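Below are two complexes that have chain A in common, paired first with chain B and then with chain C.
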Partner chain A sequence: MNIAVAPDYRRFLARSSFIEMAARERARAILDCGSFRELLGPFDRIKSPWLPMQGIVAQADDGVVLARGTLDGQPALVAAIESAYQGGSMGEVSGAKIAGALELALKDCENGRPILPLLLLETGGVRLQEANLGLAAIAEIHAAIIALRRHVPVVGVIAGTVGCFGGMSMAAALCSRLIVTRQARLGMNGPEVIEQEAGIAELDASDRALIWSLIGGEQRHAVGMADQLLEDDAAAIAAAVRAAFALGLPQLERSAQAERFVARLARIDPQLSLDGEALRRLWHGAPT
Partner chain B sequence: MSSNQSVCEHGLTWFKALARSEGVLAGGPRSVRVADAALGGEQARFIAVVPDAHNRFARARCGEVGLDEAWALAVHVRHAIAADRGARRPIVAIVDVASQAYGRQEELLGIHLACAAAADAYASARLAGHPVIALLVGQAMSGAFLAHGYQANRILALESPQVMVHAMGKQAAARVTRRSVAELEQLGARFAPMAYDIGSYAKLGLLHKLIQGVNADAPRPADVERVRAELLAAIADTRAGASDLTSRLTSATAHTTRAASIEVRRRLAEQWDAA
Partner chain C sequence: METIELDYPARYSVPRRVHVGVVGSGDLEVLLEPSADLRAHVLINTSVDGFGVVWRNVLDRFFERFEGAATIEINDFGATPGTVMLRLEQAAEALRS
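After this line comes the complex of A and B, so read on.
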């Protein structure tokens, strides 16, 4: 065995995987030790009223864990989406939990009691069984993030392996700072939907290397659509979240940088089918 | 989606009728029409996304909200915010959008961020005090509606079979959920949130007003005047109310259909501060 690699190997073994954690554990892993207090937990039994009508068992937290706690002693709110339940999809209740919590955080900020909002995003987007109520809830989540961002940075984490899609990919893009892992994916339309709607010549959804080269965490970070790229390590993610909040409000939110991205798009020739590498070269050093 | 070609023409029809202009801007994509025009005693900014058969992005030629469209929406809404210091002009989003553009390049180049930027601009306009009104004259689908219209203070819709709201186009949703279109329609008939038609959407409590008796396909002068009057009423209602989206939770229909959305907020507020 090569002695030189031993420290890396030990660090790897000592690492605690964030990806393998369920939503509740993720929220606990990030908040200050012992500060986790769940809101509308499973015992409150606020479930989807729409799933049982369609013969689907409703989970008692509708797949979203809300917790208040602290980050380095400062009041914080975590909304963590459980991807193991209905693909992390946003229904009426799960969406209202996130929107409602952000609205209360906004009220606290307006009353001079800042609270740090953190979103742990792992979702396919709208829950199609609740369709228009899911879409409406996502619009309310967007509205709350945009309003809240005027007071405190809103930080998002996409760890994987589901990733963040649909209307919730817009929520990720609205975050003041976005932390991703290499396993994360971030995109509007899921690869399967694109393949189905536009054909396999447009996109082969089974080609994992291709998908990650287009919308994976590393690529998003390389082209300025995510702020930090981390290994799958709970302690590192918890530290990065604190660092992201400590930076305070960005000078200009990414989603408000229209001139910058219009200029970047102007350099794109849609006739040339760019790959991830080519886009990095094209946008590297682009005027910011 | 094959249905796109036959529709998404309502956006341009109503844009021309209300803004009395073609709204093609130098340097901007032809698919985003913008014009300031008189509405009541003031100037309002009208914005529509329309089909452009020569769009440089092939997947955004049928009235989809693509990369250029979403960023252009953000730019034109932000220009209005920056230009108005005193009186804030109303912004009317004329909505007939079949979907966001589905494509490999769109994903690579960040269609999610482009749509977020448009939503951000509309919400920022609303928070800055511009009355933002969405007028649904055709399809209002999914991410395209989130980018263009869903951040409005008030949502108005014409009652017409062409006017639909949903999280995913009907054919695509059928394929994704492995159901037939007929099965989806049956589900929609039983559960209002799953339906596509605007009559069902009106039951959800999200719509400020369903405008009935107007010819959505070929508006007559009286139809246009009627819609203008409804826009003015919605603008007045907006100016008298809050700049957030709470009106979507306070209507009588919201209390029935969005009861869970209201209950979640009520109980969250109870638990928010530790006992």
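After this line comes the complex of A and C, so read on.
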């Protein structure tokens, strides 16, 4: 990096990287200082029964950190996914941890005790080794988000650099508000999967500039798939999460605007090769 | 996948539980908690088979300096001996802080 062209390098150096934090640190960094209280932590050893059968060492928390705490004094629930463990994949246990926590938060909301639900998403989607069990859990997460967002905003953060894919990209899309960084990625199929299935001529998964120009945080924000684009700064992300909850319920969730997105898709000519910039131009001024 | 169990003498009981690390590529997690007797018990689950002697060497060296009566579970995803030692030292440091 050339410091001469980055006059705010002191700010850059002073900030605390959110991306470099593990899931537990991320949850701590967002919640009010000292309020973090973990549910079903590693010492409860609620882990995958399926991975050891397939010769894979299981992590004691199955890669999901659930924490209760507060955000500006209001009760909150954080579900943070650990991307370093099995690509942040959703197995039976890790998925059930998130779904179960969201369902308990829903009960509290229904009983007049609102809880702010926050998802720190860093996941390749379903854990292939656990197949349908993971998919079922992801469906439960979707249902819980839709039920919860009638009471409180459900806020999602995709910081990167794994991003958010597969069934969990749908969970991200169901969130009332979605915060991303430039390093984040959001998509249904990951680039490696597309390259494997459609060939390298279709998509070169090793071309990072291309990948991020298509599904990176900046692009997703520019085309309206994410609400806020932030630098990789833990304090800024913590502040943006609070602001996203303070805005209250959105008038219309993104996922409730199916016609708008179908109309957008109709404007795309599949015969033409479309890059990220062209998509922005095509959708600029799209009916809202 | 292989499981290794090791035992060491201890001189004092540890005050609390400590968790460090991730079961990520080339990394491991350590779950350290007070043991019921005045000994240290180590249970290693590792994805890489055939390194029992190396594990014993690393743990022997760690317990030359660490004398806490702890039950330690290690879930390893191909960490090098250096990384294993760093994670163990990190857990011991977290215990002191």
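Convention: the second predicted complex is superposed on the first by the 281 of 288 C-alpha atoms of A that agree within 3 Å, B and C clash if a C-alpha of one lies under 4 Å from a C-alpha of the other, contacts with A are read in each partner's own complex, and residues count from 1 in each chain.
The rule we apply is simple: a contact is a pair of C-beta atoms (placed from the backbone, for glycine too) under 8 Å apart; a residue touches a chain by one contact, two chains touch by 3 or more.
Bear in mind that the values here come from a model prediction, so they are computed numbers and not experimental data.
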item	value
Room on chain A for both chain B and chain C (clash or fit)	fit
Chain B versus chain C as contact partner of A:D207, first or second or both or neither	neither
Which superposed partner A:E218 touches (first chain B, second chain C, both, neither)	neither
Touching partner for A:D32 - first (chain B), second (chain C), both, neither	neither
Which partner reaches more residues of chain A (counting touched residues only), chain B or chain C	B
First, second, both or neither for A:P52, with chain B first and chain C second	second
First, second, both or neither for A:Q196, with chain B first and chain C second	first
Which superposed partner A:Y85 touches (first chain B, second chain C, both, neither)	second
First (chain B), second (chain C), both or neither touched by A:E231	neither
Minimum distance between Cα atoms of chain B and chain C in the superposition (Å)	16
Chain B and chain C contact sites that coincide on chain A, given as residue numbers	none
Partner chain B, residues of chain A touching it in the complex	37, 39-40, 44, 46, 48-50, 53-54, 66, 68, 92-93, 95-97, 100-101, 103-104, 125-126, 128-140, 142-143, 146-147, 150, 166-167, 169-174, 186-189, 192-194, 196-198, 202-203, 214-215, 223, 225, 253-259, 261-262, 265, 268, 270, 273-276, 279
Interface residues, chain B side, partner chain A - complex	1, 56-59, 67-68, 71-72, 74-75, 78, 100, 102-117, 119-121, 123-124, 127, 142-143, 145-147, 150-151, 165-168, 172-173, 175-177, 187, 190-195, 201, 204, 206, 244-245, 248, 257-261, 263-265, 267-269, 271-272, 274
Parts of chain C lying in touch with chain A, wherever the complex brings them together	1, 17, 19, 22-25, 27, 29, 31, 33, 45-47, 73, 75-77
List of chain A residues in touch with chain C within their complex	22, 41-43, 52, 55-60, 82, 84-86
